[in-house]
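You will see chain A twice below: alongside chain B first, and alongside chain C after that.
Presenting the complex of A and B:
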């Protein structure tokens, strides 16, 4: 997105999940398999067995997550960065998504930033300032135009009107360009002067006030599906499961249609299909689906989770959501979740209580079924050739 | 729970949106209001101090009656009723979205 080129992005975000694969750890790969050549099958089998016997499965790094006042936090800077870079988990509480607060404060103090270090939030800020200038010029212009129509304009003001009308034209064009590619803004920032090295040391001591906040579904995914986090005070996966469920319903006996379970089923469903799933609150939906992640492309889909046996949204709300999502050029996906019956659910939960490995939760979640429907506004007169 | 919610919004306003004089007022047991000054005027309205009420989106039910109460309560601590209140909706990933609520009809701003 203008900031860094694709090669750099591919390097930074080379891992889609925070796990270490055998092939990456030892730098080995399986030989190519040719379906018409049986010798390649044998060689493939030998290598396959060799790798599984002689190379122990590498341990993935474990991240520390703290549970405080109803929030899952990651405070260690390195973990914050890794969880963001490998799978885009969590959100910096003082940033739009990637935890860049410290970087931004340093940049603000430095004033002159090299083009490549401009945080996405700064680009937005510059664009907004330009927009503000455009609006104030336009207001002046409209005032003069009104005077012109009323016939009370002076010769001096006629000149002013001409000049303003040109400025507004230029700004309007610029707005359209910088809305798409941010290059013009980045370029403007690149002519910085050398900075004082003495001051630079000061900045490095800036305290990190920002932490990475994980959603309930993200936390549970990292624990249950990937097993790469450790939460002091919440030992087992089932304890975490219960903690998350109680955030939506204080009732000690968990119901099959608990909002956390329904949300998690959808989250896990799309994650396992390879999508990068993030919160969709900005568009009034539950999730956003990115093909690879926020730095690469805009989200393509907005997912709304439909609870079973419950009409949560009326048609007014649906129409409103569909219009918002349509104008931001995304596709609206309704995701319906079917739950197990209360008896089945109770039985499976009691099995989870007895099981220490956390695998029984998998059996429980498998009883949930997910199906998707695309919802799109159709205007017959507009869609004609 | 609610006070930590207000705390979260305060941090966001101070360090992310760079507001100044951000103060949390415990209006009643269940209502916390936040007052503060934005770095620039948010639109062409002459408002010095903005008022914010934090909410989570996990219990998203909100009645007109409740909003009326906010205006009344804030009028009591502030002296006169605020022109508008911003509602801060906090998501479980820490995203906060702000929406203005006015008492009555206002002229829409030009986009």
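Presenting the complex of A and C:
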């Protein structure tokens, strides 16, 4: 991605989580701290105390999440956009990940008007078509070149050969450039607001059919760790916790190795270490770790949460997963989660039941331990030299 | 040539090494050749040399057969399964003190008369098979399967084995050459002809535990220019394994349905 584009992205995705910080809310910052200058230390302390005393902690915006048919949905357009832009939560059900369905439809509807935004899906489509064209013209070119070498080429075909070799050259160059720097992305309008009235009308006409689907772990993270969502029908954090657990444990008692808890522990672990965690289902794993988020870089790591003993993955599954992950140049991380004993777990859950604030769940989750192992497919004959 | 013709009329000897953890390992190159040429059974060559540990393109004897290949050969009635240790010991007795037999070296000279419980084999044991002795050491399919299932490394159940064998048999009878598919994360890889001449275009997966495997399998297969095939047998799976006539069940012919999965849209 080019430099200019990066600046745009930085502006759109400036916040890593959907919470409002005091500094952003009031537009204040702490003074710069010079380690060798004691006065700057004092000034820093004074400002620090001032800010903490005089400015109340700003309320973060809360989002409405609906619980329908076993799915957590966000239907409000603004919330969808914000949850995506601040921390890359959820997935648009009609899009690849960012909920762009409406944008894409609108762009298609007014094809005569030049499209201002090109969605990621369209870029992929364009690239694939370009590639197809490149491959077919390359095949044709090779055929003609062979004829040329054999000396059975006609004058007409010589012309064709010249034309083709030019096309192939152009396509090859283009493929390289658009593959790397994505120059075909039309930059987003920096203001983003100067839409003309015609467009406004279109916007009104088209109903938003898309909603943002949140994973269980994402929903629980937004509620338990950030407390920025509100789910009608599920009042307390512990209710949400139970609802999520019952998705895996049908009998009404929750086991310590419940899949939701284990997944959540891993999700929270990586989120708190600053990674952007998204579902890794497209590579057959549980999570993908992005350094900042999907628009910035490719995911670097694929995380597989190892199952408790009885239902371990067999070697066929591991080999297949490792091979898929190896071909997409990611690193395969196996995470093992140590669970508390059933007695401990039971006691902590009963404490959670008494506690309204949902903070006791934190004590419960602290009993889980996460450890990671990197796994790599290695073929000795291929890796030598 | 006359020797070969003579040999061709005889069933193929499948030596069963270590009856506790049954493994069919073939050292006889003539038998390996016959398996490949006449029956399209590939097996896996697993022999390698200590001096050449990275040799992994073409390995050497012994040839290891998959359990399904053994059962298939049984069903075709072209092989005999032989308890190889017993056979060698009997042979040694028959030779009566003739220690030229290099297969049977007892490390301890004093115990030369007792029967050793280990086996030393060279690539080609160089002698004619003694059919009289082989008849004495035959292992039935039933006992082979029992031992296979009770070996500690085996996690398959009888119904699973039966249904997987039906799938294998279906593919084999369609004329495919079959080799194990672990390197592609599947159970089998099928080739339209001898793998030395043809590329494979399908990975076979017998059964799925979770949906992720379809994603991974489809993606992997498409990435290596193949497709993935899931198979389903009409054979009733839920049967008690007690008192089951395994051989009969194995040799029945249920209808097999196969589905192939490919990732669309990849260049």
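A few remarks follow.
Note that the second predicted complex is superposed on the first by the 291 of 385 C-alpha atoms of A that agree within 3 Å, B and C clash if a C-alpha of one lies under 4 Å from a C-alpha of the other, contacts with A are read in each partner's own complex, and residues count from 1 in each chain.
In this text, a residue touches a chain if its C-beta (ideal position, glycine included) is under 8 Å from a C-beta of that chain, and two chains touch if they have at least 3 such contacts.
Keep in mind it's a predicted model, so treat the numbers as computed, not measured.
When both complexes are overlaid on chain A, the residue A:102 reaches neither chain B nor chain C. Shared-chain residue A:316: touches chain C; no touch with chain B. When both complexes are overlaid on chain A, the residue A:330 reaches neither chain B nor chain C. Within the superposed three-chain model, A:128 lies in touch with chain C and out of touch with chain B [touch as defined at top]. Looking at the shared chain after the overlay, A:283 reaches chain C, while chain B stays out of its contact range. In the superposition on chain A, A:223 contacts neither chain B nor chain C.
Judged by the touch definition given at the top, the superposed model places A:82 against neither chain B nor chain C. In the superposition on chain A, A:69 makes contact with chain B only, while chain C stays out of contact range.
Once chain A of one complex is fitted onto chain A of the other, the partner contacts of A:271 are absent, as it touches neither chain B nor chain C. Within chain A, the residues touching chain B in one complex and chain C in the other are 135, 281-282. Within the complex formed with chain A, the chain C residues making contact are 54, 56-57, 155, 182-187, 209, 212-213, 215-217, 219-220, 223, 265, 267. Those residues of chain B that touch chain A in the shared complex are 1, 4, 8, 11-12, 15-16, 57-58, 89, 91-95, 97, 110.
Of all the residues in chain A, the ones that touch chain C in their complex are 128, 131-132, 135, 281-285, 314-317, 319-321, 323-324, 327, 380-381, 384. Those residues of chain A whose C-beta lies close enough to touch chain B in the complex are 69-71, 90-95, 101, 135, 139, 209-210, 213-216, 218, 247-248, 259, 278-279, 281-282.
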